[in-house]
Every structure is written in structure tokens, then in C-alpha cells.
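Heads up, the next two complexes both have chain A, just with different partners, chain B and then chain C.
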Partner chain A sequence: MPSLKQLSSEKDLFTYGHRACAGCAASIILRQVALVAGKNTIFVGATGCMEVVSTIFPYTAWKVPFLHNAFENSAATGSGIETTYRSLKKRGKITKKINVIAFGGDGGTYDIGFQSLSGAMERRHDMLYLCYNNEAYMNTGIQRSSATPFGAHTTTSPAGTVIPGKQQFPKDLTEAIAAHDIPYVAQAAPHNWADFTKKVEKALTIEGPTFINVLSPCPLGWVYPPHLSIKMSKLAAETCFWPLYEVENGIHKINFKPREKKPLIEWTKLQGRFRHLLSESNKHIVEEAQKEVDRKWNRLLKMAEAKI
Partner chain B sequence: MEKMIVAKTGNEAMAEAMRQINPDVVAAYPITPATEVVQIFSSFVADGRVDTEFVPAESEHSALSACVGAAAAGGRVMTSTASQGLALMHEVLFIAAGLRLPIVICEVNRSLSGPINIHCDHSDTMASRDSGWIQIYSEDSQEAYDNTIQAMKIAEKVFLPAIVSVDAFIISHSMERLEILPDEEVQAFIGEHRKPYDLLDVDNPITLGGLDLQDYFFEHKRQEIEAMKEAKAAVIEVGKEFGEKFGTSYGFFEEYRMEDADLAIIALGSTAGTTKVVVNALREKGMKVGLFKIRVFRPLASEEIKKSLEHMKAIAILDRADGMSSFGGPVFHEIRSCLYESEKRPIVTNYIYGLGGRDIFPEEIESVYKDLEKVAEKGEVKNLINYLGVRE
Partner chain C sequence: MKKGWKELPIGTQIIKPGSSEDFKTGDWRIEKPIIDFDKCIHCLICWIYCPDSSIYVNDNKVTGINYDFCKGCAICAEECPKDAITMQSEVESE
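And then the complex of A and B:
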């Protein structure tokens, strides 16, 4: 795998001039993915932040082929590209190896695009699906998604006087996709570039469907100063809210175990979307959220230990 | 050239045309009454009778989405659906047309829910008429077969997608005599695949489907509208070439005993066949009646329609869908509008019929001609919008 230094000397394929917000982690994520995947790659983006900021006609931030179809069908669209590729390869009309990477935010992946993703994974298309999970519908103004954390304020799960933010725990999409028994599933985060790029490289090497769920801190939606995105990413891993792990051929492997697991509050207290949780009356929500993080982490530890 | 004479249903005829077209990719989801098309095509794939890669999608939305990806990657792409399936594709229909991808759908006209019903009417394709797809309606299995082959060529000429449809069960499941062309003749007719662009050309990367705002969207749509205008010439050109090579020419419409007719019925699909029988019977009795069968509804050949119909005394338009506007069906609106510019401007009435597969009988069609006779005599219309064959 190329080092960060090597990667930094490569020509960017997701390049400057896009209109992402200052501190946007998703743009860093896509830039890294494109660098690792290289020029023989076709990207498909779901409707969402990254499509909107990178493709405003007549401009584009993409120096590789890019297709946007709609919101809920990035995986299905990618599966179509991969199928033409396979068909033309079979007919001898194309010889070079071309990667297909479909991506979407948590809206396009966890929610409205879930069926399309499930179908594409089940049909075993040779493609990588990448979710940049910023934990809400940020493009339309921060509405809750099934990836939004418990207790978080969004514009459709507002912290009101009666209901203090989102009342449900997030869907565990990574495990849901792992349950499709595809060859490779991983969770990653942008602060750990080495782990992340290694996962992308691995996913692209493996034949068949692969899936990477990347946490994508969002200054606007999470409400923190833009320069803290990478810190947000790091703390999410250090609190074990967002474990960095992979499931290769059904075997769970944890890629980062913090020496000392930080309390969840270390992460939440820096974000405006959890501000209401700092009040005494909402202490039980913080406790409940911590309990859930512990439960999920312990479960993951056991699976990794048992090599299942 | 040796044509093969076989007995095939509308579904089998379309599947056969798909086999001979031998597309790079077919992505589909089965739905009654188009299920057979997908089933039969799957067996062609399984038996190695086509080179096609088949994507058994998990929904029609994903099926057409995969078609968009496949066509954008430079493949020749087809699919098949009906009714709810076409409705589920609705969002992507506009995108496929906007991206100028020449995908062909073999469609079976089935009524849209609700209430749920699996039988014929045209509510499904009529609800998609403004999506930017060429629409070709077929009277029988032979037309379904011929139209499918022509649609592929027309679509690739103007880079617009096309829907070829047949009436549910009446045609899709009815065995008829079918003349099949030799495989190589079909291949030679459709020619090398023409693609608007190619995502797989990674050395010349393009961005497709980008955000298109106030400063460019309208120009792009204007070009799409222009392509639909160009499709008119393509329909005629391809229909003529088909005739020269294989014996039956096709145009926007078929004029049946219209030369000296005063009264005309306009119909789409299988009802045209029934109407021909009635026309023959009434002609025997000395009535100057004719049938104007619309084959291509998109693009709408407004000038040609006006020219063909303006000398009529009275016209009845049979609509197998209602516009739910309280003012009749879609074909009525559009054809009547075509005649507005005419100084002669014949009387045009509307008959909504056959919703949810309700049969239409020759006697009912005859009654429409009789109505027209009275209307023409009096020069006035009592009921502009009529409902045929419904209890009320």
C-alpha cells in the first residue's frame, strides 16, 4: 500500500474547486478513496452533499468518470455499470481492469437506498459501495436518519421541551451488510488514513461486492468548529462509538482498540447537537447512550475474539 | 429472405425480438402480465442463446437504475415491465431520458392501482407520457415484435429511450401468427450499437448527471425537446426502411379505410383490431367510416394528425385511460388540440372505455359510429365525454 507521502504526490482525482463546507470530512474521504482507486475507476454518487458540491454544471471536481442517477439508486446504478463492464469484457471489447465505486451518504445508504444496496450486494456485483456517514440528512438541512445517534438534535428530531432529541439508537448498517455474507465489509474513519486507505485498497482487490462505512464528521450538522473534524473522527473511535473494524469472509477483526476507552461524553460534549444532554435532567440519556456503546463494543470484542 | 412463421403471444414476440437484438445488458424485475418476457429472456441467457448479462434486480426502480448505469457505461440495454413496475420506474424514466440513454422497455399495458387490477388499460404508459420516452403502441403480436426491433434503432438514432407496449392479456397472452425475421437480418437492421457516450472510457473521463441549475437546466431540457422532434424523422425513416427490407412499412399511425371517410374513430393498441371489423361491417351498410390508429404517441405527430383528420365531419377518440381531470382522457386532449389550428376543425368527442380490462365489444364500437353519425348530422355534441361499457 502506498504511504501517505506517496499518496500526497499523486495527482488528485477528486480535486479542488468543489463547494463543500469548510471542515467537511466527506470531501477528504472521497479524495483519499479516489487516490487509492486510481484513474481506472468509475464513481457513482447518490444525490446528497457530495454530489451537489462536486458536480455543479458546467464544473466538476472529478477527474475520473462520475455518474449521478438519483437519491436511492446509487448501488443499483453501479451494478449496471459493472454489468456492462462484465458484458463487454466477455465479448472482448474491453480488456483493462476498471473499478466501480458507488457511494452515498447515510440518507442514500441507510435509509432510502437500503433496498438498492441490499440488492446489489446480494447479486454479487464486483463493486465497492462506500457510505460517508455524517449521521443525518445534512444536504437538506440536518434531518434525522436511521444513522443519527441516540439523543442527537436534528431538525426532525429536535431537542424540545418534551422530547430531548432522537429517541432511537442508530441502525447497525455495517452488520446488516455483513449479514449479506459478502467477502468484505469494514468500518473506517478519516482520522486514521492508513487504516482507511488500506481498507479501500483491500476492498478493490477482492472480487465481488465490498462495503465500507466511513464516519464523516460534519461541522454544520454536528455543530462544532470546522477545524475539529479530524478530532471528532478520532474521538468517535477512541470512545468506541465508531469502532474501526472489518469483516473479511465472515470473520470480525478489530483494527483499533483504544488503550483506554474514553467515555462517550468526551465526544458528545464537543458537539452542539448533544448540547441539551449536558443538563442534569438529561443525564439518563447520556447514561443510556453509554450503555449501548458498551454493549455493542463488548459484542464486537467477543466476535473478534471468537473469530466469527 | 426466409421468414419463419410461428405462433407466439405478445410477450413471446417481444422476448424473441429482444433475443435477436442480443443486448449487452438486460436488468429487469418480473411483473404480471409482463413476467413472461423476463422469464423467457432469462432462459435465453441460461441456455446461452444470447450474449447478454442479465441483472435480476430486486425492484423495477433498481432495474431501470441499473439500465441507466449499464447504458451510460456504453452498453445496449433493454428491460421489460408493466403497470406498477412502470410507476415504480417513474422517477428514473425522466433521468434516463434526460441523460439521453437509448434504453428500450418492452411494456405491457396494465391498469394502475388502485384498486389493484392486473388487466389492460393504458393508465400506466399514459402516466409516463411526459417523461421524455418515445412511445409506440402495438395492435398485435406482430407489431409488438416489429416495433421492438424498430424502437431499438429509433432510440439509438436520436439518443432517447423508447417504450414499446402491448395490451395486457389481450395481446400479451394471446397466441397469434407471427413472422420472425432471421437473426442476422435483425442484427443487420439495428446495426452497430450507437452510444451517446461511454463511462468506461476512463482515459476521457466525463461527469454525468451533475447538478444543473438555473443557468443551464433549461438549455439541456430544450435540447431534449429538440431530440423528440428529431425522433419524428427517425420514426418515419426507420419505419420505411423496415418496410423496404421486410415488407411492412410503419409510420406514426395507420389509416384504415380513411380515404373517403366522414366519421372516424381513433384508437390505440388491440382495440384498433376490433374497430377494423366494425368498420368493414358498417362500410358494407354504406356508412363512410374509418379508423385512425395511433402507433406512435410520443413524439406526437401533430401536423400529420391535423392533416389526416381535419376533413372529417366527426371524430370519436377512444381513451383506455382517464386523465382524472373531469374532462376526459389524454389522447382526446392531445388529438383535439392538434385540430385546433385547423380552420375546418371537426367535432371531436371522447369515449373512455375498457378500464381494468373491461372488454370492448364490436356492438359498442358500432354504437360510437352511430353516435358520430347523429353528431355530424346535427352539427352539435350533446355529450363530449362518454363512458363506454360501464354500469352507472
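And then the complex of A and C:
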């Protein structure tokens, strides 16, 4: 794992001047990924916040090749690049090692890009897929996605007298991709940069498809002041809403176990999208959400213990 | 930059890498971070968490802030373990 001192001597390949909101965690994530991946990397971005803010014509924040295709096919585009690279290598036209990193937001990964991602993983392309999960369609104005947590207010699951926010639990994409039996699947968060950069480094050295799902707190959509982005990420891990773990060759390993598991409300009460959950009448929603978090965490603990 | 469609690169490729460095985002800021170098221990925490790569680091030491691009999100001030970074209103500092 590179230390901060080693990393700081590297040049930023995702540079300033991009137009992400102040305090955007997704730009921290991409910066950290680009630092670790190095200059022999090709990035592919699905339509979404990070594509829109980083490549507004005629400006680009990338100092490495970046390709945007469409919303649903960043994994397919990545697999095309990887296949071309393999072919060129076979014919001796290229000798150096090149990393292919495809990324997308939760909309472009959980929902719209799911089939192309599933296909790329099944075809065993040697690439890393990175999902920065901000838990809704933030770029288009905060619509619910299948990653939006239970009880969260979005413009298409508005909290009011009829419903108290989103009515469904989020899809567990990390496990869904792990079910593809690929060599490496991980879940990470930007506050733990050491764990995250280590996972990216590991994913890039492993041959075959790898997938990392990163939580990306969003000041705009989660409704909190921008300076709390890293705190939000930290609390999500400490409440076990977003456990940091990896699945290597089918074996679960938890990378961070909080000393004291905090109640979910510690995390939700700081966010405007859960504001309605603070009222007495919505107490059952909080309890239900807590129960689901506990269930998943206990399941994960058991899996890690049994080494499955 | 005014160009007709004939002068634009095919497929609207952006040929210059990192050209966003010409687009200053510093004027978005309402509060500016100020580093107290007496307190700073050069742990580089602010540098790794800065979304806009706006902390200058030279030879493993924090040397300053790039105010041309800092958007004033105050993550650095919040996360600094030594509270060496404070936020000052842009209006007052003028």
C-alpha cells in the first residue's frame, strides 16, 4: 500500500478545474483512483455526475485517456478497449501494461448499466469496474435509484403525508457482482483512503474482472453542508450501513469492524433527505431500517467467520 | 474560444490533457481556508481529501493552497487533526 508521502510525490491525473460541486466526494474518489492507477490507464465513464463535470467541452480534467460513450455501456466500452489491447499485444504492437478502469455512478451501474456490467464480468475481461455510489440520480436532480436507501427523500420518492420516503430497500449490488464468481469484489469508502487505495491497487494487479463499489456522499442530494462529506462516509462505515469488505475468490473478508457499532440514526440525523424520520410518527421507519442494517451486518459477520 | 465546426476535432475529442486547468473555479468560494503553519504537522490529510487538488505539496510538506481552484468546501478545515486550517469569509478578507 502506498503511503501518503509516496502518493503526494505522484502527479494528479484527475486535476483541478473540474466542475463538481464543492465538497463532492466522487471527485475525491476519482482523484485517489487516478493517483494509484498511474499514467498507463484508460478511463471509461458512464454518463453521470463525474462524466459531466470532468469533460465539459473544450475542457477535460483528465490527464490520461478518457472515453465517454453512453449511460448504459461503460462496462461494454471498457471491455472493447481491453479486447483491442489484448489483440494489439498479441500482435506485438504494444508491450507495456495498460489498466482499463470503467466507472459509473449508481444510476449507470445499479440500474441502467447493469446488463453491460454483468456481461463484461461474465466474459472475464481484465478490467476494473468502479461504482461511485451516491445513492440516487444526483446529476439529473435527485431521482430515486435502486441504490437509494429505505426511507430517503428524493424527488421521485418524496416524503410527505402519503409516503415517508423510498419504500424499498436498496439492491445489494456488491453481492450481486460477487455472485458472478469474479476474482475480486470490494466495497470501500473515501474516508478510509488507505483501505480504498489498497483495494484499487489490488484490483489492478489481479488478472480478470474486478469490481469496487465506493460510497460517495453527495452534499446536494443528501442535503448536508459540504464540509461533512468525509464525516458522512466515516459514519456510514461506523454504523455498518456501508461495511468495508472484500470478496476475494469467493471468500468474504471484513476490512473494518467498528469498535462500537453506532445506531443508524447517528448517520441519518445529519442528512436532510432523512429529516422526516426524526418525527415521532416515522419512528417505525427508522426501526425497520436499523433492523435491515443489523440483518445484513450479522450475515456478513457470519460469512466472514465461516470464510465463505 | 470561437471555432466553427470545420476547425473542431473529429468526434469532439479534447486534445489537450488537463485543459480544465485553464478554467478557474476559485470564484465559487464564499469562505477561504487559511493554513496556520505553526500548527501544521504536514500529515497530508488535507491533501488526500481535497476534491479539487488545491493543496500545494512540495517534498512531502504542505506549502499552501491554490486559491484559483479551491471551491471552499472546508473539508480540509473539518478533517485537519490539528485544527490548523480555519475558514475565513471572502467578504471580510477583501
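The rule is short, and it goes like this: the second predicted complex is superposed on the first by the 308 of 308 C-alpha atoms of A that agree within 3 Å, B and C clash if a C-alpha of one lies under 4 Å from a C-alpha of the other, contacts with A are read in each partner's own complex, and residues count from 1 in each chain.
As a working rule, a contact is a pair of C-beta atoms (placed from the backbone, for glycine too) under 8 Å apart; a residue touches a chain by one contact, two chains touch by 3 or more.
From a predicted model like this one, the values you see are computed outputs, not experimental measurements.
Once chain A of one complex is fitted onto chain A of the other, the partner contacts of A:S79 are limited to chain B, with no touch recorded for chain C.
In the overlay built on the shared chain, the residue A:W193 is in contact with chain C alone; chain B does not reach it. Contact with chain C, but none with chain B, is seen for A:I28 once the two complexes are overlaid on the shared chain. In the superposition on chain A, A:K231 contacts chain C only, with no contact to chain B. In the superposition on chain A, contact of A:P58 is made with both chain B and chain C.
Residue contacts after overlaying the shared chain place A:S9 against chain C, while chain B stays out of touching range.
On chain A, the patch touched by chain B and the patch touched by chain C overlap at residues 55-58, 60, 62-64. Here chain C touches chain A in the complex through residues 1, 12, 14, 16-25, 28-29, 43-45, 47-54, 57, 60, 66, 69, 71-75, 77-79, going by the rule given at the top.
Residues 39-42, 44, 51-52, 55-58, 60, 62-70, 72-73, 75-88, 90-91, 94, 96, 98, 115-116, 118-120, 122-123 of chain A touch chain B in their complex.
Across the interface of their complex, chain C is touched by residues 4-5, 7-9, 12, 14-25, 27-28, 31-32, 54-64, 190, 193, 219, 226-231 of chain A. Residues of chain B that touch chain A in their complex: 24-25, 27, 51-53, 55-59, 61-63, 65-75, 77, 91-92, 95, 199-202, 205-213, 216.
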